[in-house]
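In the two complexes below, chain A is the common chain; its partner is chain B in one and chain C in the other.
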Partner chain A sequence: MSLDTKVRVLTPENIAFEYEIAGPFQRLVAYAIDLGIRALSLFIFFCLYSLLLSAFNRTLGSALGLAPLFVAWFVLEWFYGGVFETFWNGQTPGKWVMGLRVVTVQGQPITGLQAVLRNVLRAVDGLPSVMMAVPTFLLGLVVSACNGRFQRLGDLATGTMVIRETRQMVQEVQPVWAPGLEEVMEHLHPIPPLEAAMARVIAAYVQRREQFHPQRRWEIAHPLAQALLRRWHREWEVDPDLLLLALYQRHFFGTPGTQAAETASSAAAPSWPVSPAGV
Partner chain B sequence: MQRESTLVAIRERGFLEVMDLALQVLRHCAPGVVAWGLVGVVPWALLNFFLVESLWGEDLSESPESWSSLLMFQLWLASWEMPLATAGVTLYLGQRMFRPRVDHRLVVRQWCGSLGQLLLLQGLGRGMFHMFCISLFVPYWFWPYLNEVILLERNRLFGRTKESNQTHDQAPIKLGTLNRAARLHSQVVGESIFRWLVATVVGAVLLGSWSVALSVLVTWVQTKTLSPWAWMQIVFPTATWCVVVFFAVVRFLSYLDLRIRKEGWEIELQLKTQAARLAMPQV
Partner chain C sequence: MNAAQYLQQRRGAWSELEQLCAQMEKSPRRLRASQIVRFSRLYRSVCADLALADAHHLPPSTVGYLHQLVARAHNLLYRSRFFRFRMWLREMLLHVPKRLFRDPYLRVAAAVFYGLFLLSYLVGWTDPSAAQTILGQQMITTMETMYDQPPRGSLFEASTMAGFYIQHNTGIGFQCFAAGLVFGIGGLLIVGVNAVVLGLVFGYMNTTEVAGNFNEFVTAHAPLELTAIVVSAAAGMRLGFAMLITGGKTRAASLRQAGSEALPVMMLAVVLFFLAALVEGYVSRADIPYEAKAAVAIVSALLLAFYLVVIGAPAPQAQNPLSHHPTWEQILHRSDSH
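Presenting the complex of A and B:
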């Protein structure tokens, strides 16, 4: 089994969901954004508080002094993440920007208790810290590197994990043309139609082939073209790239000049979701 | 190459995801990466130790300005030595990517075979670049995956790119290291700079975090404050080389990701799987 940042969660109904797990480095960016928002909030609070004090002819050194600022810092430090993750369904503004979400290890939404607890335990993940104030997050990094779900101690204690919400792209099948394509397609007449899996793989190649150098196209297409020719018992010197193009065109659009133009313009052209894994 | 037998799943990834995956690779291949990391790093770390030690005895240790210049000097040395120090890790991962068991003697042979190009291109060539660049890691803007091309492709330095006389059934002519590196890095300059920026920022964060964490841990164990000498000569270089080895894994995976996207490995594996299925006898 190859290493990947994906986990499969099986529901009690025996339905499998695949989640892309967010590791420490994706979460670091979200954390930095949240840290910026917290610092900005504290700065705005400081400005408003200073204005309020000056309106009453007081200074920071007077009666209440810095106490409200410390209270604001305390609330932001300990409850910012917990409150947001409770009411925003497992997201903070930083996580929202990065497309991350906290869910339980069963793939369910987290509860308020889980949200608050995992954020409170961040202090432990931040160890060793300098004078208990500046966290280095070495413990959190080591713990999350040691398990497949990238769970830090706060996640392990509350049974949560951070996932990345992936957007699936639907790519429409487009007709193709290349010099000599019609000639190759004419030779395909006695050949049986492609199986769905084979057609899907060839379509994936055709959609990406423009990005490859012609030599590279030859390298990629050659093994399958040779295997197909052997299966068809055909002795045919044909450009492997052109052969796959012809098979693709015939499978999805029939012969050129007949259905191709109609199907290309049709909104009902066959399409399928292309996952990041391309599977 | 079988789709299921590779160390990491073949698919396209973003750079942050690549860094996360590097942690999984480190966990999975920790003994090999640590062993080859130590083999590559220790000679250079010792060399740097004695170089800094020779400077330490002078007035440099007196003021904070001299400490920062010593730190920068160590970083400058490490960034120059990085490609040579991490060659073993790259070769180990190159084998481990497609085989469950690594032939360590083959790693040594491949390392010796690539030494000429490594010294010429990474030692001398990039070294010259290094001398005249203001910033430490700026040379890695340019052909960041040259080390991987030298070590994993193992081409001759110069190749031929002639494409004429190639029939449909003829394998293409093999490229040289320089052609292959130029072709690999073309059209990804912007992305390389972006990845370099992210790597530099994350590397700086990791270096700061790990060196401070190591200092705190050593202080806890010793129950006394670290001396500036111990911090400069032991803690900081240890953290630096840990970051360098981690980024060797990241660079290897990032190189694979670039190959996957640019050369369509994912597609190639899918097509090869279909070809293998066709080659099986029909029932």
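Presenting the complex of A and C:
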């Protein structure tokens, strides 16, 4: 199992794409936000209800008593999550803020039954409770640590999981340029094209190299360049960073980049990765 | 074709899909038919891009972008199925009683609840001092002062108390249900404790002078409320035992199936708790003769028996397929097809 908390989902189009699983502590923040919203809306309901009744209709107020408040409390306590996740496609306001969503373990949207059940069963994930009232969520934490998808008991009983939705901009494939790159690229001719996996590794390096100090670049690029040269049976005194840049440029563009491209790209996107906050 | 050229060619389609996604997230109903067709076409083409990412030598950053774009569009295309009222009505009126009729967990929960209730009733009735010791003097005093007057209350009190019972008792029911996940017996423990306390209180109160007031209060809502707590424990046991008795499935699959069976049963308990709360609020403390309150209890018990036994009993096998009486299932399905 890989260290990354990602799951593969097979769509009906027979395409596999990946979801990032949300960790317990992101979910705790979302839950805290929802808890705040619940408390706030109950308070607002209480104020509006008392205001409306005292201003307009005292008879109705004395007939209904505090019943509407208790019913609102009940509904918010047990059905808030279930109703939102049914009608907001697996999201509550807290999950929306945190960019989380509930989906089935197959990656499909959840049904109303799953939404309600997984929220009702939070009562047991909250155990043990302090003074029978304040949940500590220790059981849910232990259970979700015991499976690869961070599912608490409510998720296991409904076959759901919580995923992180990320929003990314389309990544430009930036041409690179460095002094001496053209010369290195000319010497690449006899070298066979890169395999896909190697190209991915080199792209990952090139797209991050600007964050590194030159010495660190050397530290990372040197062993890889040595291994590649051994594989090609070549003796070549070449800057390892420059070699990887050349391989990257040849693989993704075929032609040497220009100095203009380099200055443009470093001005436009000084740092990699362009990733959402919290990664 | 190298990656840069491929990206150049596809970028337009990707950003168009992104825009459609944003529009769909905001107001899905405002979309024109042509846009929806366009959306699904673009979605399929991006799926193809992702599948061929290696063949086109796309760098990891682009592949990451495609993963999130496909996931986003996928979630918009395959939406959660909304709450279907008719389906739930059929589930509650037909499948739940059938499930409960042959439900071993309901029998166990009922046996535990009523067994402990009767035992502690006898204890409280024959030995009031034992009840005082177990319940505590404070609770005894509270109970006695609470019932030293006949149960009456204004409309304001009745409504407020009905609301309180909805919030409080149904909450206990939900906790009983969820606690069932703890090896199946968590809910049973809560039910057992409640049965002992209730039995002791009932037994003890019947030895005091305020027995009349006490019985007048508890009669009307007892059948509904006691059934509701037993049903919620039974629904929770179904969940918990599904993890232990898997019937050849994996534990997760067994639990999932039990979940979809147990939730409608729990919803029945919610309905019963609501009805019980209304009766407890408006009938039990109303200024009407005791006979009327007893009649409410009898009618609600008969309705429960009808639901659990008449609807719940398995239909006898029809001898002649041409002339059999319609079962409940067929009646409901027929009304469904109109």
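Convention: the second predicted complex is superposed on the first by the 191 of 279 C-alpha atoms of A that agree within 3 Å, B and C clash if a C-alpha of one lies under 4 Å from a C-alpha of the other, contacts with A are read in each partner's own complex, and residues count from 1 in each chain.
One rule holds for everything that comes next: a residue touches a chain if its C-beta (ideal position, glycine included) is under 8 Å from a C-beta of that chain, and two chains touch if they have at least 3 such contacts.
It should be emphasised that the depicted structure is a prediction, and the values quoted were computed from it without experimental measurement.
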item	value
Partner chain in contact with A:54 - chain B first, chain C second, else both or neither	neither
First (chain B), second (chain C), both or neither touched by A:204	both
Contacts of A:11 with chain B and chain C, given as first, second, both or neither	second
Which of chain B and chain C A:71 touches, first, second, both or neither	second
Touching partner for A:25 - first (chain B), second (chain C), both, neither	first
Partner chain in contact with A:106 - chain B first, chain C second, else both or neither	neither
Chain B versus chain C as contact partner of A:216, first or second or both or neither	first
On chain A, the residue positions that both chain B and chain C contact, one per complex	204
Residue ranges of chain C touching chain A (in the complex, touch as defined)	2-4, 7, 11, 14-15, 43-44, 47-48, 50-51, 54, 57-62, 64-68, 70-72, 74-75, 78-84, 154-164, 166-167, 170-171, 174-175, 177-179, 181-182, 186, 239, 252, 255-256, 258-260, 262-263, 266, 281
Chain A partner contacts - residues on chain B that touch it in the complex	4-13, 16-17, 19-21, 23-28, 163, 166-169, 172, 183, 202, 205, 209-210, 212-213, 216-217, 220, 262-264, 266-268, 270-276, 278-279
Chain C-facing residues of chain A, complex	9, 11-13, 15, 17-19, 62-71, 73-74, 77-78, 85-87, 89-90, 101, 103, 107-117, 120-124, 127, 153, 156-159, 165-173, 175, 196, 199-200, 203-204, 207, 251-254, 272-273
Residues on chain A engaged by chain B in the complex (per definition of touch)	1-6, 21-26, 28-29, 128-130, 134, 136-138, 141, 144-146, 148, 150, 164, 197-198, 201-202, 204-205, 208-209, 211-216, 218-221, 223-224, 226-228, 230-231, 237-240, 276-278
